[in-house]
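Below is one structure, written out as structure tokens, with a few remarks after it.
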Amino acid sequence: MRPVVIVDPPRADPEVVAELGALGVATVHEAAGRTGLLGSRLRPVWPGARMAGTAVTVLCWPGDNLMIHVAVEQARPGDVLVITTTSPSGDGFVGELITTALAAREVRGLVTTTGVRDVAAISRARFPVWSQSVSAQGTVKATAGSVNVPVCIAGTMVAPGDAVIADEDGVVVIPRTDAAAVAESGKRRAEREDEARAAFARGELSLDRYGLRAELDRLGVTYVRANPGGTVRANPGGS
Amino acid sequence: MRPVVIVDPPRADPEVVAELGALGVATVHEAAGRTGLLGSRLRPVWPGARMAGTAVTVLCWPGDNLMIHVAVEQARPGDVLVITTTSPSGDGFVGELITTALAAREVRGLVTTTGVRDVAAISRARFPVWSQSVSAQGTVKATAGSVNVPVCIAGTMVAPGDAVIADEDGVVVIPRTDAAAVAESGKRRAEREDEARAAFARGELSLDRYGLRAELDRLGVTYVRANPGGTVRANPGGS
Amino acid sequence: MRPVVIVDPPRADPEVVAELGALGVATVHEAAGRTGLLGSRLRPVWPGARMAGTAVTVLCWPGDNLMIHVAVEQARPGDVLVITTTSPSGDGFVGELITTALAAREVRGLVTTTGVRDVAAISRARFPVWSQSVSAQGTVKATAGSVNVPVCIAGTMVAPGDAVIADEDGVVVIPRTDAAAVAESGKRRAEREDEARAAFARGELSLDRYGLRAELDRLGVTYVRANPGGTVRANPGGS
Amino acid sequence: MRPVVIVDPPRADPEVVAELGALGVATVHEAAGRTGLLGSRLRPVWPGARMAGTAVTVLCWPGDNLMIHVAVEQARPGDVLVITTTSPSGDGFVGELITTALAAREVRGLVTTTGVRDVAAISRARFPVWSQSVSAQGTVKATAGSVNVPVCIAGTMVAPGDAVIADEDGVVVIPRTDAAAVAESGKRRAEREDEARAAFARGELSLDRYGLRAELDRLGVTYVRANPGGTVRANPGGS
Amino acid sequence: MRPVVIVDPPRADPEVVAELGALGVATVHEAAGRTGLLGSRLRPVWPGARMAGTAVTVLCWPGDNLMIHVAVEQARPGDVLVITTTSPSGDGFVGELITTALAAREVRGLVTTTGVRDVAAISRARFPVWSQSVSAQGTVKATAGSVNVPVCIAGTMVAPGDAVIADEDGVVVIPRTDAAAVAESGKRRAEREDEARAAFARGELSLDRYGLRAELDRLGVTYVRANPGGTVRANPGGS
Amino acid sequence: MRPVVIVDPPRADPEVVAELGALGVATVHEAAGRTGLLGSRLRPVWPGARMAGTAVTVLCWPGDNLMIHVAVEQARPGDVLVITTTSPSGDGFVGELITTALAAREVRGLVTTTGVRDVAAISRARFPVWSQSVSAQGTVKATAGSVNVPVCIAGTMVAPGDAVIADEDGVVVIPRTDAAAVAESGKRRAEREDEARAAFARGELSLDRYGLRAELDRLGVTYVRANPGGTVRANPGGS
């Protein structure tokens, strides 16, 4: 990899990003055809954190946070840092000094596949951070990497300028050029979910609302009354 | 596996279930002869959650929550859904729509070896959920499974109608026909624990209270005064 | 291993331990030359927990907490129990009865590579505990182990009497004879961090403050303006 | 758990067990309706191992192999030991001394969720063993457990006398009373697989043989000719 | 995700792919600037397997291998199937029937983040397969996915037509348009490695050959003669 | 950590090391009182590998193998390199070039908690290597570490000059000053194991040989004849 910093990539429209943020991760992921989730291992450092912004990507060497310092300068108001490493590394790549610098630049938050530290201070400052672990293990600044190149996290590609939405359900990334269409679709989906929630609260069954009884028949699911005194084996299998 | 829904299995006595719930997971597990725990990976979605109810079991295909919709209809007031999959799957099988439907039916809570989503909404609604992970990854409704068949989770069999107790220590399951005896034993155990706690708070040593000094002698444990300036190797082994 | 209990090992100076505790885990770890961290898997049982004390080490057999009962008697005010097992074991080695006894002896807290239980009660009592998991699974008292022998956790050796500092960033251990020097170095480091934090809050860049631009040049990092309409591959590699 | 040894449980018919063994794990698992697999973590200690027998189940305490010594006496020619622990334990519960004793009793092999040791000697002796890990870590003989009680491994219940089939694909367990029906179904399945294999070797497509083209249409899968110079995003999603 | 099958994408030049295959995974990865490796979890099913080809990518739903059947038809002589799922799934997505069909089409091999089964038969047939696990757990054919869309595995993007090289060191992927340059660079690198190997076999030190002594000085590494009777702490840290 | 290279530490007696090597890992671990095992995750790169030597320890930064080059110069005939990192790192720290240099210096083998690469070449050369993973991912040479300081691996401290024994059961380390006593004890143990093996091959039961029947009585284990038609629950627990 030739180390490179891509300067000033195009960003997703901030208004669209805000709309996606209002919808939340689960709805956006569904509206995008069930794509874009950065797996289940990125968790918020403090409960209740949520954010939306445009990606500044950072690719670091394991145990080395040099390129995060480069990325801070590249970040603009409304951005989100998305950090990963060339091989898995759980050290504390980010602490309070870096989040203070990011907050001063009106960066919205930070997502990293590494660990973070100073979590008490970050939580008090209410700076939104999603990480894979918490670790006080320090890093060096000795090896080059890249900023604003596409990276892959948990099966999803993140390009600079993409929309990044994060809340307690995780982190979802929508390609910059798809953001408006996904936001539109997401709003319609949110309305349908509101109606479904109200129906379920009244006692309606999803079997009926989604028309699943016919599907169960097609799949051969049979209903059998329990034999009150009987005993069932763990594997009701058979030929 | 022939997909089957067992309708109306016998349930553990609700009063006994409530007694077990009052004792809590650790005491019930001990009273049951140190059996019944569903491992250490099922964690409450929100701090402070606790519940007790009777099991409605659900066996799903990975990435597919069809049978949970079937189970909602089978659940009665006082029940708890216990969900697992035919092979490990961490996707978001359950979200706010399903927990809203369950709450409307006076279901007590939900335990799943999969992931869950909409955790902010579930937490606000105070619906008790224990899961192995949080994930916004959506599921399909395309493959059959079973409801109210016995399932195995972390070495413990869960049959429909069994008593399910959950709190911040995890989830424990007591066979329906053992529930009364375990509750009785648990109450006696809780009394002994209260006395021990008071004794330890006064400074009594468990070495004395439990008569362990003789056991240490039998096992050859020796006491040696430290050599203040000396250095000890990590492995004080020998032949 | 011949089972042995080392009685009354020398402890780190309590005033120095208190100074280290005030600095916190991340700063102490850096001041010690980035050593001493007990990995990233030990997490506080309740948010906000922090403590500092001198180590009483406990080496148990898997599934067996006998030696913890021995260690309680060896612990003095200001100590911290540091528990591990001869092979990995996630059972609930410690519960409310043991933490009650430790609190009665003015022990500062407890660190264990095993699981713990009764976490609701431990949290209410605000007794500081760091563990690798939560599990209600009970243990027996049948096999000997040792107290106050050196143990290894996550690549770090812990000797009896060492300084143990823990907060939300994890647990760090400083050898008894290094504690004063590390505390001195840590205080100077904390001052430099305060100044850096203030500078970053004013918008100064770490690239400038730490003189990293020359390092980036040396490493061949190049800055390239984005091609607004272009597309970049995930791997901008090449020969 | 009251420790108990169930003596002389009924076994699956040895001829049926032999038929299942000839079919192999993958075919038997499919013939049983895709049930009975003991997960993907049990691996043969030496390449090429395969066996079939009737289960003698063993439930041990972590780090303690006492009950395996009890189980050896309960085992008859044609049996297979199936060992697990009350909580996860990777120690070396079984070594060459135990496999020598088992071979002397014409036991067919051994399956354990723990570790094993002396693997060079076990491999030379060609005694079939499936385990989750290899570890030389020794165990004690201090805590009671049970023999020939039902146990749960990776979501599957194993009862004493059940048919246990193992090869390089893993381990599958068929309930004693289902064994004959599954063997019958498995033989028919094996014939169909032979025919399919021959067809595929001739170049027939599974899309045609299994009639999947209509299913793809129903699911909305579309075929698109590649744009030779174009670039595709990682997530071709969208609403 | 709209399910789509991209037909006939451009492939890397077969001669260049063969050159990369001759270099092997470690050399190609280095020649590509240390990029392109698909992590450390993909292992060959049988020892000694190695292959090189052009990628046909497959994106499946967990527990569902429908799209692999679609991909078989898309594969041409010289191709390699690269399979992953929308969320992690370790089931046996591929067995002997599918590898027989692939071999009949002169496909070079198969890489999957899932499990595989029939490994005895696959090994006998010497069909090259890299997978994350072995599992007999069967899959369904019920949910759509995509073929020949870019996928991300372990931080690396794989596009259809890319060069895929695999041996006992793992799997590396080189973008189609970089393949010739990486092969050229790799050949020069292999020559340098041959010279270095010969030098090291003669006893030359890498410290000298790579000029590392000056670097050690710059980094402050000091050489200290051992105190024969002394004892060193595990953490030779300091301020 | 101040980076330091300890030159010429005292080594365990080569004859004693050879005796320990002849006994093998499992016997040595038992003879040392069940201590010294480096966990269950270090596996031989090729089947049948075994070795014994004296430790040269190496502590590297994650993703950086600089100090291994330093260690090669420190190694003498009969030594074994024992490599670990300051935080977990699975990259390919060692390949054929380094093992060629080590073989030229008559080093006996290599143990590393990292990954290794060029495993086909290392296997052909029959150079003994134990590692936690295989990975082609390259490393840099940019950050200092230490050679011949004590390190901790999986709960065991390894000091320079200690005896290191490795075979297919894993890796065990015996402190230099304990080596002779452990070898003596191990020889006696091996004789007892030979006698026990012969007895078990003749059909003697370990229950009798080890006098375990009385222990079972003391622990309350009861024998119950199976009810041929009956059904047993998975949890034969009770109060």
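Just so it is clear, A, B, C, D, E and F label the chains in written order, and each chain counts residues from 1 on its own.
Following the convention adopted for this analysis, a residue touches a chain if its C-beta (ideal position, glycine included) is under 8 Å from a C-beta of that chain, and two chains touch if they have at least 3 such contacts.
Model, not experiment: these values are computed from the prediction.
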Homomeric contact chain A-chain B: same or different residue positions, threshold half: different
Greatest separation from chain F - chain, by CA centre: A
Chain D and chain E, separation of their C-alpha mean positions in angstrom: 28
Rounded Å distance, chain B centre to chain E centre (Cα mean): 40
Overlap residues in chain D, where contacts from two or more other chains coincide: 1-2, 32-35, 39, 86-87, 90, 135, 137, 143, 150-152, 156-157, 159, 233-235, 237-238
Contact footprint of chain F on chain A as seen in their complex: 61-64, 86-91, 135, 137, 140, 142-143, 231, 234
Sites on chain C touched by chain A in the complex: 24-26, 29-30, 34, 37, 39-40, 43, 48, 50, 167-170, 172, 193, 196-197, 200-207, 210, 212, 215-216, 219-226, 228, 232-238
Chain B-facing residues of chain C, complex: 1-10, 66, 69-70, 72-73, 90, 92, 95-98, 100-101, 103-105, 115, 117-120, 123, 133-138, 141, 143-144, 146, 148-152, 157, 159-160
Residue ranges of chain E in contact with chain A within the complex: 1-2, 32-35, 39-40, 84, 86-87, 150-157
